[in-house]
């Protein structure tokens, strides 16, 4: 919050107009603006479970005229790597397209799928480059990237600055605080992929409390050695329904226990 | 400077390309399980001038309706046509609608992130059928693309959306004729009091499974307008709340007092 | 005698002229420098190197049976005996490829890229056998028009978008055709007549059962092993089945019930005359 306050006081000083200009206290405001784009977006979470990755997102339904079940938001970079992002959706597509190009060029050179850390490394460079020049603006997304390679499952989150960290579980978007504190309660390294799907659903439903006035659709994908053979896929319809049921039940329980506490 | 799509708060520069769409006349699209319908209101710059084309065929299975800068739409539709031809050439299959619309969305996104070009100043409704059925997409210059069951873009399009939001549950199983009726009714809701849809200013296009994208103009469109008139002539705007909403949505749009065509537009670079 | 050890074993400059190092850098890319082009003509594939022999296939009442052996021949040498020449492309397609093995591997790569791109939306498999065939045709024809062909002949089998059984041939010239029985390479001469005995017309196809079709193809593979000196008795056999919508792939199938007793009586062809 402190950063934000500083941001506000700095608006209009001229240091916020362009990339490649540092403010006197050494900040790049364009990057911070980009991060702000993420803060109010729908919540996305990524979980690294026992032998795979689960990605989930809260897809805010801005109009009831939107075609239900379409407008998929989680994307695939290569067979074994998935991405979910919060922020400016077109920027996210740009990011994913770059990831696909990197994965393709790696495979054409080395005839094997790109390792997830290697891919993240390349994408980090790419995102960073968009903070360096005044002819461009940074990516307005936080992207959670997960995949399974020869070394097992990997989960990362790339920020608009080009920074990335590896995670057992992470969240971004409006409900990230709620989501992160829920993730911390789980035994993530040992959770099965199926349980991770359910927990991801529950967390998205819980995080939606921060955005309650709007409708949403839940989207969940996974990559797992045992469940999908290392391929990034949408979770099967039955499992998704089961997860939604679980999420709703848990949500109700949470509410009732809150009531009790108030009593 | 680089234009930033999407207003994050009131202090960030707004994305003016989106405003160009609102300058253009309205277009409405509706989809059922089997058909997609596009209808649009054409404008002419002067009485002796022709009406601006609002719907462009891309391939037998798809086409677009536009609102905003028509030349930009021509560039985009040309690109789509190339994609469609390429799909036929390389795979001997019609271009997938999602692929098509995202191919222009990704082009549009480029223009929002790097300097040296302006964003496209046009919104599109992309309609068509492919192996997955009937689709209707709305394309925006920000690079945003969303699939709808019913959508409206252009001047006073909120009025049309209001109508669509009331009726959308019926669209999935509606017949082609019903879709056209609903689309025209929605389009009529965008008109100011003193204007009417007629054979000159209305375009209708339909595409369906095994049914080529067909545009109806001038005398051909009369059959559909006739249907509209047999329905009911009272516009939905005689419900007072709608009128208010319309006004609210479009504060800059002056209530056009006279239907003189010369008054409608003097801008060559919009689709007016 | 030239006492420089680096010159030993090399052609004598006095006899052959100095070695032109540019030859080693001959490019197969078109250079803009016209002088270079006239010095060294652009080199393109003019013959296959390591080759795979026939791919054979036949339609039956419920699909297609397709087979190709596992040999990679370098001239008459059996250089490789574990080459997999039938590749699955997506869910609904198999492609059997004969001809140059390195070009085949190149095709594998571009077909794999095609599948990855097709799955980007994670929705369903849009890529059907007829699309793969059309794509391969464009690739092969495009290379042929550049006078730099991919030295292969392919048979594409699988399902089209209507779920119907698909079977079609395409080769290095971009020529395509279909028929109830298709074969590439030596199989076009040796196997086609045998296949046509059972599957000449669409009417025959309707009466041909899966068991008979598999046996027919196995018999053809055996005849090919007897008669085609670049073939192997170990092969891959695929069955495309419409009723189950499955493509079954059997690897390491062996030719059975062969009789080689006659071999000792063969004479000529480099063997001592009796």
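Each chain gets a letter, A, B and C, in the order it is written, and its residues are counted from 1.
Here is the rule we go by: a contact is a pair of C-beta atoms (placed from the backbone, for glycine too) under 8 Å apart; a residue touches a chain by one contact, two chains touch by 3 or more.
None of these values were measured; they are calculated from a predicted model.
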| item | value |
| --- | --- |
| Where subunit B and subunit C overlap in contact partners, by chain label | A |
| Innermost chain, where centres are averages of C-alpha coordinates | A |
| Pair sharing more residue contacts (C-beta pairs) when A-C is set against A-B | A-B |
| Distance from the mean Cα position of subunit C to that of subunit B, given in whole angstrom | 50 |
| Whole-Å gap separating subunit A and subunit C, where each centre is the average of the chain's CA atoms | 45 |
| Between subunit A and subunit B, centroid-to-centroid distance (C-alpha), Å | 33 |
| Residues of subunit B engaged with two or more neighbouring chains | none |
| For subunit C, residues that touch 2 or more chains besides their own | 121, 123 |
| Subunit A to subunit B touching residues, read off their complex | 11, 17-18, 33, 36-37, 40, 63-67, 70-71, 88-91, 93-94, 97, 130, 134-137, 139-140 |
| Subunit B - residues contacting subunit A, complex | 1-2, 4-6, 8-9, 11-12, 31, 102, 105-106, 108-110, 112-116, 135-136, 142-144, 146-151, 161, 164-165, 168 |
| Subunit C-facing residues of subunit A, complex | 72, 74-76, 78-79, 100, 104, 107-108, 111, 221, 232-234 |
| Complex contacts: residues of subunit C adjacent to subunit A | 109, 112-113, 116, 119-123 |
| Of subunit B, residues touching subunit C in the complex | 89-93, 96, 98, 131-132 |
